[in-house]
Structure formats: structure tokens, C-alpha cells
Amino acid sequence: MPNSFGKLFTISTWGESHGPSVGVVVDGCPPALPLTEAEVQAELDRRRPGQSDITTPRKEADTIEFLSGTFEGRTTGQPLAMLVRNADQRPGAYDEMREKFRPSHADFTYTTKFGFRDHRGGGRSSARETIGRVAAGAIARKILKLSGGVEIRAFVTQVHDIVAPTVVKFPTLAQVEATAVRCPHPASAERMIARIKQVRAKGDSVGGVIECRVRGVPVGLGEPVFDRLEADLAKAMLSLPATKGFEIGSGFGGVLLKGSQHNDVFVSRRGQVGTATNRSGGVQGGISNGEELVFRVAFKPTATILQNQRTVDLRGARTELKARGRHDPCVVPRAVVIVEAMTALVLVDHWMRHAAQNKTFKF
Amino acid sequence: MPNSFGKLFTISTWGESHGPSVGVVVDGCPPALPLTEAEVQAELDRRRPGQSDITTPRKEADTIEFLSGTFEGRTTGQPLAMLVRNADQRPGAYDEMREKFRPSHADFTYTTKFGFRDHRGGGRSSARETIGRVAAGAIARKILKLSGGVEIRAFVTQVHDIVAPTVVKFPTLAQVEATAVRCPHPASAERMIARIKQVRAKGDSVGGVIECRVRGVPVGLGEPVFDRLEADLAKAMLSLPATKGFEIGSGFGGVLLKGSQHNDVFVSRRGQVGTATNRSGGVQGGISNGEELVFRVAFKPTATILQNQRTVDLRGARTELKARGRHDPCVVPRAVVIVEAMTALVLVDHWMRHAAQNKTFKF
Amino acid sequence: MPNSFGKLFTISTWGESHGPSVGVVVDGCPPALPLTEAEVQAELDRRRPGQSDITTPRKEADTIEFLSGTFEGRTTGQPLAMLVRNADQRPGAYDEMREKFRPSHADFTYTTKFGFRDHRGGGRSSARETIGRVAAGAIARKILKLSGGVEIRAFVTQVHDIVAPTVVKFPTLAQVEATAVRCPHPASAERMIARIKQVRAKGDSVGGVIECRVRGVPVGLGEPVFDRLEADLAKAMLSLPATKGFEIGSGFGGVLLKGSQHNDVFVSRRGQVGTATNRSGGVQGGISNGEELVFRVAFKPTATILQNQRTVDLRGARTELKARGRHDPCVVPRAVVIVEAMTALVLVDHWMRHAAQNKTFKF
Amino acid sequence: MPNSFGKLFTISTWGESHGPSVGVVVDGCPPALPLTEAEVQAELDRRRPGQSDITTPRKEADTIEFLSGTFEGRTTGQPLAMLVRNADQRPGAYDEMREKFRPSHADFTYTTKFGFRDHRGGGRSSARETIGRVAAGAIARKILKLSGGVEIRAFVTQVHDIVAPTVVKFPTLAQVEATAVRCPHPASAERMIARIKQVRAKGDSVGGVIECRVRGVPVGLGEPVFDRLEADLAKAMLSLPATKGFEIGSGFGGVLLKGSQHNDVFVSRRGQVGTATNRSGGVQGGISNGEELVFRVAFKPTATILQNQRTVDLRGARTELKARGRHDPCVVPRAVVIVEAMTALVLVDHWMRHAAQNKTFKF
């Protein structure tokens, strides 16, 4: 099932940018979770286009509708399907793309793989697909919150060459949401916003880096070998449009340290085993160790730019693609919400897997 | 199945460092593939400890035995089980670890998750688990080779702060194997080896970066959403012991470019559609585009060091861990073989998935 | 994913009897298949309630809507979501069931397993869930048809104690659809219909047996061990509401034969290897052998009856359940369509699996 | 993974009749379960050939060896691989089968599907494959036993046309093991044994029926839709060699009852909700209801007979197959052990799935 994610808490998304709808089925959701459409809508509103002057002007209310799986305000344990109708469609706006491959988009690979494609607005490769992930992630976040306090906070640490100072303290949601760019360091945020506006004015785009922190993760989530927690997080993040890299804890920079500098010494802290430092990023041997999860994701500059570009058409002939379309000049501000959603999905799934093997039977 | 990898070409590994054996079952292998134990052994020999003076002195022949799945020199399409007996065991050498948690190892997380652990040599968290992956990967590599020329080449580009110059041309196997450190740039290799020996002399360790290139990949491997080719490669790489990061194509450095600089312009090349540059790293929209796959993996410095370290014991009491044990002062030279194996496994699996959906029926 | 079926051609259903909707996502569908809503609707119309005077009087148009996955009349290879809104809801009609467990229904087990349940009309346990299966099955049937002639024909062979004579020749669709009970033997059909009306008049219900035949199945579908074709068919059939048994080929009756009588002798037929008899039911060693698939499914009498019944309530206290509700006095006439749908789903899935392993690579 | 079974407690078997070995990896096993090779051996001894004068004379000790996954007498939660070497091989004895298809065996379908086959003794289609299932099942049974008293008892109720009287009381293990045919009704057992000897004397074979009962199953195992408990049991049973049918509770015979006769009235029993009758066979709406699980499995007469048989060869030419080979004239006595093993595997897997969704989080 290439369009499903998760083993026990499983989501299956559907939908194209300019088809009738996008949506998701959540299968395996624990029963009796109090849940309203408004709670899911709140997360979708954080992801929605047009929420600030540095995102795409596409107008979409992205109104969620529950199709199944709740009864009298609670989940039933049955599949929970959620639907968002596509509204602001301009099919004609994409006629040029029927024949031409947009550089660094999925146009060429989809056409070759499937024989043809829904070319309108990227079809399935559009970031609108992530609406289903955010909706499902809202449920996962609620489960984590009610579980006793797992908190997930993603935020922007870099836009183009503007790098915010290292965040030491777990940022509050208010700090992240304070600026349109979702960087909790106000001075950096201001510079990032200016940079995004500046490149947009030239019809260009920029990339960025998102850091995600999670606190309150119990010890024991993740599997020793293939399904290490960091492996599933890496897959989750690289499954997002426009991502080019993932690192956890010390990451690529950790290569510069020696083992004696890099090792996280164990200490006893409030009666719990912890580590004095956190270069492991909260995971050891593939399994959460109770420290903060810390990882970063690199996003490339948006492939859609308002400049003419050389390319080839379906027959391989040289042609030029005219500058047009609606897009985010930088995806990271809205991607923050999606990173959080995918993180929540990974954690709930692993929590259930952990419990299944280790809590079902007592010997 | 936390110890399985792959959807259609599936491997399931078993075994601990100081248990009776390590091994793997390959399920879904295409039938009639000519295959001998010697071919698998050749890859295991590249991975084997003790092959040079910069690897662990543990002596293991790592002799492979086929337990099933071949008949008269060919695969039967039935499960192919492969076994390697553990030989050089020194159980007593690990008595100290029964009670103490080694920093940045899996000791604490395994014990907490499973209630107890096989502490000898890391048990399941030992890199010996990767023997099964390399054996299975040898089969996948042969399939790819016979498919018409997919070639996978991984090599070391960084050890500690020694960074080899960017490799432009696809390195030959001979260039990679020319030095014990498996860096195809001889001058850098020499410095890397010297650095590894130097840190080992002090009982310390260093990390490094491996780059992997693949050429000959057909267009169309990978799925649009969750099972993007880069997502599954990221998961494969982050499932390896000691990895902290993954990036594809432009990676984290791509953030510094604008969209107009980063986009890979399509061109017509020998009658095929290709891209003038390869910042995409061979994947667009999650699907291979026929260009070289290019990705990099960061490995942390080996956690085992020959220095006394502070830690806590099972009861949370402060203690000290004595310097002892056999280990690689730097894992990247041998990890090259494992990175190649995992890459081969991902590609064969996706090739089968692609064919299943797109080649089974004609309309 | 407890609500998904199929490994490569995967369906995920959602929805409750009296919730907003029922639906399905088909993932892994081959691209470029010509497909219209009308084709799917035609199968749903065969399944629809109220189509004859021996089915439930519940009025449901069961109008299908494609939510994604087609473009210009063809499948795109992306998830195809299909929605049916529930219309004829009488929520108040089920108030009694909130507190009482209906005998031989899922009321008690759902409540105990999930802690509470959507009691309206059976909720998720309602046969309305099979709408998604039939919709997805319509797609699978079309694939099989276009593949060169796989034909699936299910029909009723027994209602209560009325057993139709053994069907020798593959029945036509017209023969099956000729009577409301879908038994191709007209005299038996007449008696079956009379029996159904008779038990309904007394507020009672009866069960029956459906036979399913498939011709044109290529040799090679099915896997040697766990995923034998008959094993997956058995699972598919026992996953249908009200089923109590499955048998293939000679089935339970085959026990009465000796090996020398039961073995299907191989013969050469039109240049093809075939069998002189078909006690195997079209499967040998778990794999289709090119003969007709022949299997039978037993359905119990409908649990809902219009008679007062003793039972207990949520607190375990004795109570009585009043006679009321709308239901089919015998499920087999409509179940014929569902049996065909599930069969088609199993075959397409196994066809893709077979091709993936055996047709992707050539050695 | 066509050679794997189970979602959370997963087994993967390997091996051919006359290859080096047969074996199994158990993945997802709960940690800390006390387990010795002797316990597994005991179950294998019940399945072993040559244990009585009505089974095959093939001599196999079937000695189990643990390859991984235990430490100091307990499971570690890591993959537990188990190996049995094949001993009594007579490769030459099967030369005739290289070219000829044995009637009602897997010879033709394997050859067509995979292009060629390991013809020696049936290769992968041999019942020796079930050794891995029995070994894994022994672990599942131990888990169920320690869980507080789930007891699984399979036994023979029919051989050829000899049908034992309905068993009312749950039979003891001693009653089942009292006779070589494993029918707990001594008079019937005697007749069954005589019949088996009689058909064997003529080089022929017979089939039979096995009933399986399970008591102590908690309420709540099984999923509402595709993964109903009876669906997974049906799949498990139809995945066994030589099976042709499965029925649960009232089964095919239930068709003869009206709903008012068939419904299981709920009653209050020792403070628990139970049913007055058990036509449901212990499952309602796909979920266990706490009553005894009761199902039956039909096995065809052994395909290998000591009589000359007509057939065709690889080229489709008519030929004759000479009477030879070692085989069980009736498979049901040994299949009892395999039915129990598969049942245990299904139950443990569903127990873990149930706990994952319904016990991990509290709201």
C-alpha cells in the first residue's frame, strides 16, 4: 500500500490537487478518544494556504468532514475517514503543463512511470496531499497529549542562508506561532520573512531547515533493527514533498567529534536514568531513551518559480515553460505543521507496537 | 515484523553478537537466478572484521551456509535462508556490561524496553546483525547486475574533519578498494587512515560520511507518497547502527540555493529525457528519473572506546566503565559494504513493486 | 490495518450503517484502466437493498461518487476513493439496542472489545460495509475482464434445505440474474423464493450456500505456503458477514473418496496440460492450475428476526428484545455479488504478486 | 512475504523436503518467556514421521536447534530462529518426478509458476514445511498457557466414511493421544485405524476431518471486518497441505436451521455474559465472545499413492507414474498437531493486536 503509513495506527491518504477532494482514512485508532471536527480543523488551519503574506495566495478553506468512525463525540475504534473538498481550482491554468515537464517537479517521472498523469497543479504530487496527513496527525497529537504529556514542537531554524541561533530551551507554541515564518527567534524570523519577500519579488524561491523537538517520550519506543525510531522518522520526513535531508541529534556535525566527546554519559536524574548530553537525539539503539527527540529536516527551494525556464516536452523536444502559477516562495513555514503531524503519527504507531510486544503478556 | 525489510523482496534477519549464529531469510526472491555461496561469501569478506589494520581485531571467518532455497545452482523462488555461525566469542569479556550501561550504546534502552537483555557484545544491537543484510544484499546486487547494468558504488568521503574532494566521476570498484578506508581519493585516504590510527592509539574513535552512487537505475522506481525512493533509502540508511543523518542530491547544502539555481533543467540526451544538473540526486516526486542516485550518510564516532567512562548501573547508581573490548575505531570503511547492500535491497524491492502495478496488466 | 484487504491491490473500507457514509480507498490500482462511475454503480445496483421482494425494504440508492484517482476517464495509478452517502437512516429505530445485546449479532463482542459501540443498525458490523468491497470489486472485475477473459460467476445452490442440482456447465450471468434468488436452476429457484417468503411471513430467516466458479484463471496465481490461493479465498469469504464455512473443489465431501478416486489425472488438452477431473477445484499446491476455480460458501440464517428474543443487557440482566427492524430474511441472493467482488479482489492481487516475483526480471 | 504468517507475532518458514534443512524465524515474540529447546522438541515429536504404524516410515529425528533469540533460558524479544536438519534423504528416489507431474500434487503448478522446481520429495510443497509452524506454534501455545489458561485441543472426528460421535465435552490430551489416530472416541479410533491399514495395504489413501476446540479465549480477539478471527483461522487452516474445507460453529450444517433456531441466546453465567448455545462457534462479528472456539477442517486423501497412475510429463506427453515413495496413507493423525499450532499462532497474534489498539492508551 504505497499510500499508507504506519503499521498499527495506519493512515491512507487519497486525492489530487485539482481532483474532487483530498482525504484520509485512519485505521487502528484507539476507541473512546474524545474528538471533534473542530480539533482537526484547528491543525488544518495552521497548514492552510493563504494564512499569511509569505504563503501561496491559493484560497482554500480546507474544511474537514468526518465520514465515519466517531459516535457521540468519541472514536469508535473503526476506520475514521476524513474528507476535504478542493475548492479553488483553476484547471485551465495548467494547460501548458499537460505537454511540458516542469523542472524538478514530478511531471517527467509520473508520466514515465504511470504512462500518463493528472497534470493539473501537480495532481497527486501536490502538497495538498499532506492535508490528510495533518488531519490524521491531529488525532495522533491528541492521543499523545492525553497519554500524559508528549509535546511536539517543530520550528524553522534556517531560511536560505539565514540561520537562527541554536534553540536551547523547548520553544512554546506561542513563540513559534508569533511570526509568519514560524521561527521562534524573533530577530531571525524578521530577516527570514524579509528574505522570502525579496526572492518572491523576483519570482524566485528559497529553501530552509526545520528542527523538531519532542519531550515526554517514554523510554522504549522504536525497534532494534529496521524499524528504529530514527529510521521511521527519517522515512516520514523524506516522504514529505521537497525534503532533501534528515539528521538526528548530532547529525552530520557529529562526524567532527571523537567518540570520547560524542558519547552521552549516563546520569541519575530525579531517580531516573538520563544522559548528561543529548548527541544521541533521544534515541539509542533505535529506541527512545527518554531524552528529548531532536531532529532536523532540509527542504529545497520550491521548484515552482515565476521565471521562464528551459525544459523539454512529452516528445523530448526543447521548449520553454512560462512563468505562472501560485505557490509558496518558501515551504518551511507551513511545513512545520506537517513535520509535527508525521512525528505524531510515528510516535503513536511505535507506542502501540511497543505495547503489543511488551505489555500484552506477563511472564 | 520489526526484523524484516522490504515489501516484495523481503529479508528477515536474526541473531546476536555472541549467540549461536546470525542469519537471514530472503523471501520473494525471483526464481532461476544463478547463485552460489561463493558469490555471497565474497561480499561478506568485504564486510568481515579483521580485514585490515584499521578494523576490529575480532577474528570471524563469517562463513555463509545456504539452508534452503537453491536447487542445482539456481534460486527456486522459495525462501532462501543463510546462516553464519559465530566463532570468536569471549562471553566472559562482557561480564561488566551485565550491570552497567555503556554510554551511547543500546544497553539502557534495550533493558528498559524488553525487561532484560543479552548483554554479551551488544547482543542484537551488534553490527554483526548486518551480516544478514550483506548476504541478502549480495543477491539483490546480482539481480541488479543481471537486469542490465545497475551499478552501486559507496565510498568514504569524510573521516572526522578530513573531507575528500567532491567525486565527479563514478568511481571504479578498484579505486574504492584500493585503500583500507575505502576512499577513492588516495591522498585523502592516506590522511584518513593516519587519523584513524592516531585516535585508536589514544583509545578513541571517529565518525565519517559515506556517499553512495547508483547508475543505470531505470526511470520509475519509487512511489509518489510515503514510499518515495528517497524515503525508503533514508529509512534503510538510518536503520544502520551508528548513523545520524541522510541527505540526497543537494541535501542540507541545497538550502543555500535559490529555486532558479537549484532546479534541474530537463534536456534531451541521446534520445532520452535527462537533466542538465542533478541536484535532485536522481529522484523527482519520489520516483527515480534515470539520473545517478546520489546520497550521503553520516556515521557517528564508534561508541565503544578504550577509555574509562562514567555511567550508571542497573540500579541507577553512579559507576565507571573500564576501558576494554574489541571494536572498529571508525565504522565507515566496513559500513561501505552495508550501505551498498541496503541500497541494492531497496532498488530490487521497488523494481518489483513498480512492475507489479505498471507491467502486470495492459489496457 | 484490520480494515484493509490485499497486498498489492489493496482496499480499505470505512463506514457504519447509520453514520454519514460508507466508502473505500483502492490503492495500487494499475494506471490507465478505463473506468466510469456508471460501471461501479452497476455492480452496486446488483447488491442494493430493495431490489426484489425477498430483500430488505431499506431504501438506499447507494449512489457512488469518485473522490480521487481518475483523470479523463482512466485510473491514474493513484488511490481511488469512492463514497456512498447513507440515506435511509432511522436512528430512533435502534434505541432499544443501545442497552441490549441482539443474539448472534456483534453487539456484545464490539461493546466488550472497544468499550462501547455505535449501536445504530449494527454500526460497522452492518452488511453495508460490503458496499466498499463491491465497488472495489467492480474495478478488479474490469481488470480481469480486460486481461483476456477471466470470468467470475457466483450463484445460490442451497437455501435452507432446498438444494439445487449440481451445476455442471458454467452458468451465464443471465441465468443467474433470471430470478431474485440468483439460483440458475429455475425450478429450485422457485422453491427457494417460496421458502424465503414463507419464513419471512413468520418473522424468521434462513441461510444458504453460494457456489463460485471462475474460468480463464491463468496458471500460477497463489503462493506455496501461507498465501495459497485457497487460503486467501477462504479468508476473503469468512470475512463476509454471516459466513460459517468454505470449501474448495471436493471440499468436505472429498473425505469420502480414496486417493485413487480423488486424484485429478493430468491430461494434454489442446496443447495445454489440464486435469481430467477437477476435485482440486482449480488449485494445486496453493497455486491455480488453469482449471475452473470452484468453491462454496455457507451462510447462516440472518440473525435479525421479527420475533421476540430473550437476551441480556449491558449490565448482564435478563431482558427481552422486541421484534422489529428491516432485514433480509435470507442473505444469499445479495451476497452473490459480494462473493464475486471478493473473488475478483483476491485474483487481481495474486496476479500482481505473481508478476512481481516471476515476470520482473529475466535470467 | 508469502512465507510469513501473522502480523505482530510473525513466523517465516523456510526449507524443502530434501534440501539441507527446514526452519522458522519467530519475530515479535514477547520477551522474558521461559523457553527451552525441549519444550519445542516435545511438540515436534508429536508431529514426527514414523511415530506409529499408520504414518510414513520416513525416519527423521527432527531435532530442533535454537539459532538465536534466547538468553539464559528466556526469550529476548528478538527474532528466534529454529533449525531442523533434514536427515533421511533419498534424492535418487525422486528421479522419476523430475520429468513427470504427480496427480493432485504441486508439481505442475510449481513448474509453471517458477519455471522449474526442486522436485525431490515435493520440495517446498512437502509437509515438512510445517515443522517450522509446529516449532513456532509450541512457543505460541506456551504463551497462551501462561496467559491464564487458554487450552487448544484438536482431534480426528472422521476418517473416510467413519464418523465419530459428536464430542460434547472438551477432550483431554490423554484421550486424544491414547490412539495413533488421535480420535478421542476409542471405538471409532479402532475402526479408523483399521481402515487406514486396509487402504494402505492396497497402496491407497484416505482423508479425514479434524475438529479443533479452544477454551479460555478472552472476549475481544479478532477484528470487525477483514481480519475476523474466523477469517484468519480459515486462512491458517486452508494454508495447510491437503486441506479442502473449513467451517466454524454450525458450519455448512447451520444452513438447515432457521434464524430462530440458530441464534445463540445470551445468558448471564457466573456473572459473565455467555450464550446458551454455541452455533456461533465462539465468534460473533468476527470477534471472540468467550465461548469455546469450535471449528472443523477437511483433509483430502493423500495424493501420493502406491499405485501406477496416468499423467503427463514436462512436454505434455502421456506417461505413467510408477508406484513408489514413502507417505502417510492418511494425514489427519499428524495434522492434529499442526492444526493446534496454527490455531495458537492466530490467537497470540490477535491477542497482541487487540491489546495494541485497546489497551495501550487510556482516555
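Residue numbering begins at 1 within each chain, and the chains themselves are lettered A, B, C and D in the order written.
Here is the rule we use: a contact is a pair of C-beta atoms (placed from the backbone, for glycine too) under 8 Å apart; a residue touches a chain by one contact, two chains touch by 3 or more.
Computed from a predicted structure; not experimentally measured.
**Q** Between A-C and C-D, which chain pair is linked by the larger number of C-beta contacts?
**A** Answer to which pair has more contacts is C-D.
**Q** Tell me, please, which of B-D, C-D or A-D gives a repeat of the A-B interface, judged by over half of the contact pairs matching in residue number.
**A** C-D
**Q** Compute the distance, rounded to whole Å, between the mean C-alpha positions of subunit A and subunit C.
**A** 39
**Q** So how far apart, in whole Å, are subunit B and subunit C when each is placed at the average of its C-alpha atoms?
**A** Here subunit B and subunit C have centroids separated by 45 Å.
**Q** Just give me the whole-number Å value for how far the CA centre of subunit C lies from that of subunit D.
**A** 26
**Q** Could you list which residues of subunit C touch at least two other chains?
**A** Counting only residues that touch two or more other chains, subunit C contributes 2-4, 13, 28, 31-32, 74, 77-78, 113-115, 124, 224, 353, 358.
**Q** Please output the residues of subunit B touching subunit A within their complex, sorted ascending.
**A** For subunit B paired with subunit A, touching residues are 2-5, 13, 101, 103-110, 112-115, 124-125, 129, 158, 160-161, 199, 204-209, 219-220, 222-228, 230-239, 243-252, 254-268, 271-273, 275, 279-281, 283-289, 298-305, 307, 309-312, 316-318, 353-354, 358.
**Q** In the complex of these two chains, what residues of subunit B are touching subunit C?
**A** Subunit B residues touching subunit C: 8, 28-34, 74, 77-78, 143, 146-147, 224, 351-353, 355-361, 363.
**Q** Under the definition above, what is the set of subunit C residues touching subunit A in their complex?
**A** 1-4, 10, 12-16, 19-23, 25, 27-28, 31-32, 65-69, 71, 74, 76-81, 83, 113-118, 123-124
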